[in-house]
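So, here come the structures, one by one.
The same subunit A turns up in both complexes below, where it pairs with subunit B and then with subunit C.
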Partner chain A sequence: MKRSLQFTLIICALCVLARPGFPAQDASPVIAAAAILEKIDQNAVPGSKIMVAAMTIHGRRADRTIKSKSWIEGDDKAFTEYLDPPREKGIKMLKLGDQLWTYTPATDRIIGISGNLLRQSVMGSDLSYEDMMENRKWSDIYEAVEDGEETMLARPCLILRLTARVENVAYHQRRIWVDKDRWLVLKEERYGKSGRLLKTFEVTDVRQFEGRWIQTRALFRDVLKEGNGTEFVIESVDFDAQIPEVVFSKASLRK
Partner chain B sequence: MIIPKLAFRNLIGNGTKTWLNALVLSFSFVAIIWGQSLFEGMDKEMSKVTIDQEAGGGQYWAGAFDPFDPMTIDDAPKTIPAELAVETSSGRAAPILIVSGTIYPKGRMVPALLKGVDPDQAVLKLPFDRLRGAAGDIPGLIGARMAKNTGLSKGDTVTVRWRDASGTFDAADIEIVEIFQTQVQTVDVGQIWIPLKALQGMTGRTGKATIVTMPAGTAPRTYPEWSFQGHDVLLKDIKNFVQAKSVGFSIFYLTLMAMALLAIFNTQILSIWHRRREIGTLIALGMPRGRVIRLFTLEGTMLSLLAAAVGAVYGLPLLIYMAKHGWVLPAGQADSFGLALNQALYPAYSAGLVIVTILIVLAATTVVSFLPTRKIVTLKPTDALKGKWS
Partner chain C sequence: MIRFLFKGLIRDRSRILFPFLTVAIGVFLTVGLYCYIKGAEYQIVEFNADLLTGHVKVMTKGYAAESDQAPNDLALTGVGKLVKELKTTFPGMTWAPRIRFGGLLDVPDEAGETKAQGTVAGTAADILTAGSAEIQRLGLENTVVRGRLPAKSGEILIGEILADRLNLEPGGKATFIGSTMNGGMATANFTISGVVRFGVRALDRMGLVMDIADAQAVLDMEDAAGEIPGWRTDGPYERDVIEGIASRFNISASASTDEFTPVMKTLRDQSDLAALLDQLGAVNGAVIAIFILAMSLVLWNSGLIGSLRRYGEIGVRLAMGEPKGGVYRAMLGEAVMIGFLGTIAGTAVALALSYYLQAHGINITGFLKNAAVMLPSVLRSRVTPAAYFIGFIPGILSTLIGTAIAGRGIYKRSTASLFKELET
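After this line comes the complex of A and B, so read on.
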């Protein structure tokens, strides 16, 4: 089960990391915080993509890296297959909307994952499934106010403070660092209702694929926990790839 | 009266053979009484401590709450019915709110249940009063097992993360104000106790609870969205465990008893064979065959009474010692059952148990003593006097 969740994390992390930025363009004048959120949301609506990525869990004793290939269609459909290490190779996962299934070749069984299991953190990683399952647009659930400017990765960034305006959100507040030109989120802090910092997400590398800027390396950290976080790296991405519909079916898990 | 006297004289006259048989049979007596009383004691002790610290006189469970299904925990809490709220506000009932969360002891991430309890409740016998009126961080109470698993000590501060009723994360620090000892693992392992009002406030569940534990003698009532669970449900695991163990152990003393009964049976057959001239003489002198059978059967039956006496000689001190000091389980074994098992098991003796045991052994001995004597019915006294067996 833990493997399944770990698998899920990779998919979800990829969805976030691979939010493409706009093609490089001139810096805009001052844009209201709400409008910036809209921009970020627009960036976050992906078409289809196929990507190869790696997740490295920096544990207390050792690091573990898991490689995977994912086929992603919008926010709702994702199919991932483990490539490495050999122990995990062949495990597959399918996400359709809020439903999740995993297939393990060792048992030749498809298992549906639901409920509390989706809330757990996995294998010492700093992510819980819920962290990445927020599919709603930020502009729909958060009020944004500008909170300063800072340079990140040698890029000028606007800092926005987001406060939830609806009840059922995982994080009541977020602070995000947004590249003023590319509208990419380069850093994020997630806060609890009491204002306590819970998690951080920091991009350490961005690259241009097919004319679009995307975050290719990022570090997630659960700040309540000791350790050096969990790192995600996108090795290759193919935007607007033609993905047959059959890939997003339970039958493809056993193939 | 002649038959009992004769039977007793014959029994004692058998010498070593009689005493050996009595000794073997006495093992059964002692084993049955010790074994059964041990399980009775275990049942009483586990039930008592579970009632004192967890079950009370029964519990009301909110909604679809099922302690064995973690999926039901976060959606279960419901508003405490007005009638029960009166009881809870005066401490006569103990409301408990359960929320799943995560604690971070020494930087590790450990799933845990956050349990909110009223520090003024008077139903459960755990030191919840230590949660009363503490300043600063939220006061927390954990059991010794939880303390061992997480490495937390009294006075430590631990960060706790949870999701409120609408699913929003938050975190706070909890100060461990007390570590309590309990044999009830279900109030200890994987959980941290904090004041009810604090947890209700933290999770946006004001006035809500997952469980309301009632005092002894509570008559179940019906409230919408709440279901009453009596001892038949709350102590079911204990009863099943004791029953399973009791059945398993009975194989041991049934084997002992079978050996003793076999010895008695064998002794009776040999005795009748060796004493065929005596049997022939008694019948020739006019003693009815039925009385001869009674004589031999009574000898066997008396053997069981003798065994009871022999058993009492060494068994009573042993059983008294056990009652005083208990049977101490190997270190860590008590916890391995997952039930409220004490490290030392104390037997609970009852007159009923002793009487029933004596009657069972007496009946079994009488039956095996009687079976070989049926041969006497067909015995011709003339042949018997000649030493023949017709």
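After this line comes the complex of A and C, so read on.
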């Protein structure tokens, strides 16, 4: 859960540190690409953070904005509470490792999200729970090769083509556009095993918080779905915040 | 002449009884089978219309294009007003908004946490309003195998396999998780009032039925519905009438490119029913044609036998000086009369029985208790205008042709050898 905003902006987690000066061009394309992937993985900040974010779902009928606050610790622990609109207010989600629970005040139930539900859309967005749960390092599960260069957001980017080397991955192939200096992923295309494009992710704004570069605005799009995608905006980030352990417990879902 | 022939037939029972009975029974079977097949075809149409398609269905353009996925983000809004307009514009129709939806049913343990989950395919219809015809249309009365129909808000029915898999019995609680019309998370607690055996494996595995008001509340679809099926109240399904209604409604919609514009689809436009009904019509036509052909052969043969039996009588008549043409024409006239009388009798009895079966049907509920498929509980015939004359094909034509062929022998007989033949 380190390179993209997918989890960051939904459960509202993650930010990525800028680590400039990686000598990608010095090695052969495959080795260099693998090293870049390592670098992107290293950019994940394992510390804690509290974030407030907004997710605007551009539906076919209307746009809908959902605000949330998330408490995140490392890769494995995240707690999110939805703040707005009123219908969604009070819904909470807890992620511990590879387990996910949700609580809705309307039912006063803690519901485990697993199996088929993982493939469902999160709050009607273009993201699935499965996308949210991705937390393995890319360098562990993908083989990378360089696939050209392009400028994104006025930043020079390397394009990497990633192919899965393990079976149980949600996306068999990805193409990512990586900022050469900050090692931030600015664009991503996700493909199925058949080679069909399934989802796209494009960063539209990058900002520095407490000296760290993070993607603050991005558009995530399920290309198989009608609509104009889901836009994520990070409104505030508090790095290295002190989060009591009790936040990451099922008891906190009902509070 | 006709009167003379008729008197001859009436007074000689041996000449009329067997051919008349043969024709009457043959025509009765032909007309009866025709009405029964038409009844089965009609029931397939009505069964699909009641359960899924309506005779027509109003949806948004976008919903209609993806109706197999029931995309409620493209649902109709302002349904109350739309139904009123439909009732005014098409007084011979009745309308009932429905919502189809997908989601999960989550069963809690003692601590209120997830014990079991199952995917559901739900149908929401007006099943709580007194006098609503939806329970009957959805065939719920005869399919509840445990518990009862929902009696109040917050109660649902679920498929038998789903209930067994989730270990849910009537009175049990479960939480529905799905998506609202706007894509938000929809959750609500429900009580299982009954377990239903739909007879269709997919429905038994995932089926869920709830009242439309509950669905509107849970799915954030106030005054909205995915679809508004409509059924004729001033007559049965007739393709021309139904297509006329849909064309009238769609005049204003055809020019619009807005995917939220309401459009009306006929039964044939939905769920590949046009191909199915065309195939069914062709098969039924073939079955009826083969049966008519078989009956024609029987009656033709009967005409032949009847004529051959009268070999001696014809010989006498020829020997007495009656012209061959006169004998031949007299025989044809008799064949027409017998065919006509037999056809009238056979058609009358068949129509009487078919009308009875159309009105009352044969109740097969007792046979359906352990049925593996969802079937209509009453089998009915259907009398159509064609049923009044279809019996005339085998009844008159075949008898006439049989007699005409057998009668050719009259012209082959030698007058000189007639007495010799009659002596033996």
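Note that the second predicted complex is superposed on the first by the 222 of 255 C-alpha atoms of A that agree within 3 Å, B and C clash if a C-alpha of one lies under 4 Å from a C-alpha of the other, contacts with A are read in each partner's own complex, and residues count from 1 in each chain.
Quick note on the criterion: contacts are C-beta pairs under 8 Å (C-beta built on N, C-alpha and C of every residue); 3 or more make two chains touch, one makes a residue touch a chain.
Computed from a predicted structure; not experimentally measured.
Residue contacts after overlaying the shared chain place A:Lys193 against subunit B, while subunit C stays out of touching range. Of the two partner chains placed by the overlay, only subunit B lies in contact with A:Asn168; subunit C stays clear of it. By the touch criterion defined above, A:Asp222 lies against subunit B but remains apart from subunit C after alignment on the C-alpha atoms of chain A.
Of the two partner chains placed around the shared chain by superposition, subunit C is the only one that A:Ile111 touches, whereas subunit B remains out of contact.
Applying the stated contact rule after C-alpha superposition, one finds that A:Glu245 touches neither subunit B nor subunit C. When the two structures are aligned on the shared chain, A:Gly59 is found in touch with subunit C, with no touch to subunit B. With the contact threshold set out at the top, residues 114-116, 120-121, 124, 226 of subunit A are in contact with subunit B in one structure and with subunit C in the other.
Within the complex formed with subunit A, the subunit B residues making contact are 70-71, 73-74, 100, 102, 104, 106-109, 111, 159, 161, 163-164, 166-172.
Taken together, the subunit A residues at the contact with subunit B in this complex read 114-116, 119-121, 124, 164, 167-172, 190, 192-194, 196, 198, 222, 224-227. Residues 57, 59-62, 64, 66, 87-88, 91, 102, 104, 106-112, 114-117, 120-121, 123-125, 226, 250 of subunit A are the ones touching subunit C in the complex. Per the touch definition, subunit C reaches subunit A in the complex via residues 62, 73-74, 104, 106, 108, 112-114, 117, 119, 175, 177, 179-185, 187-189, 220, 259-260.
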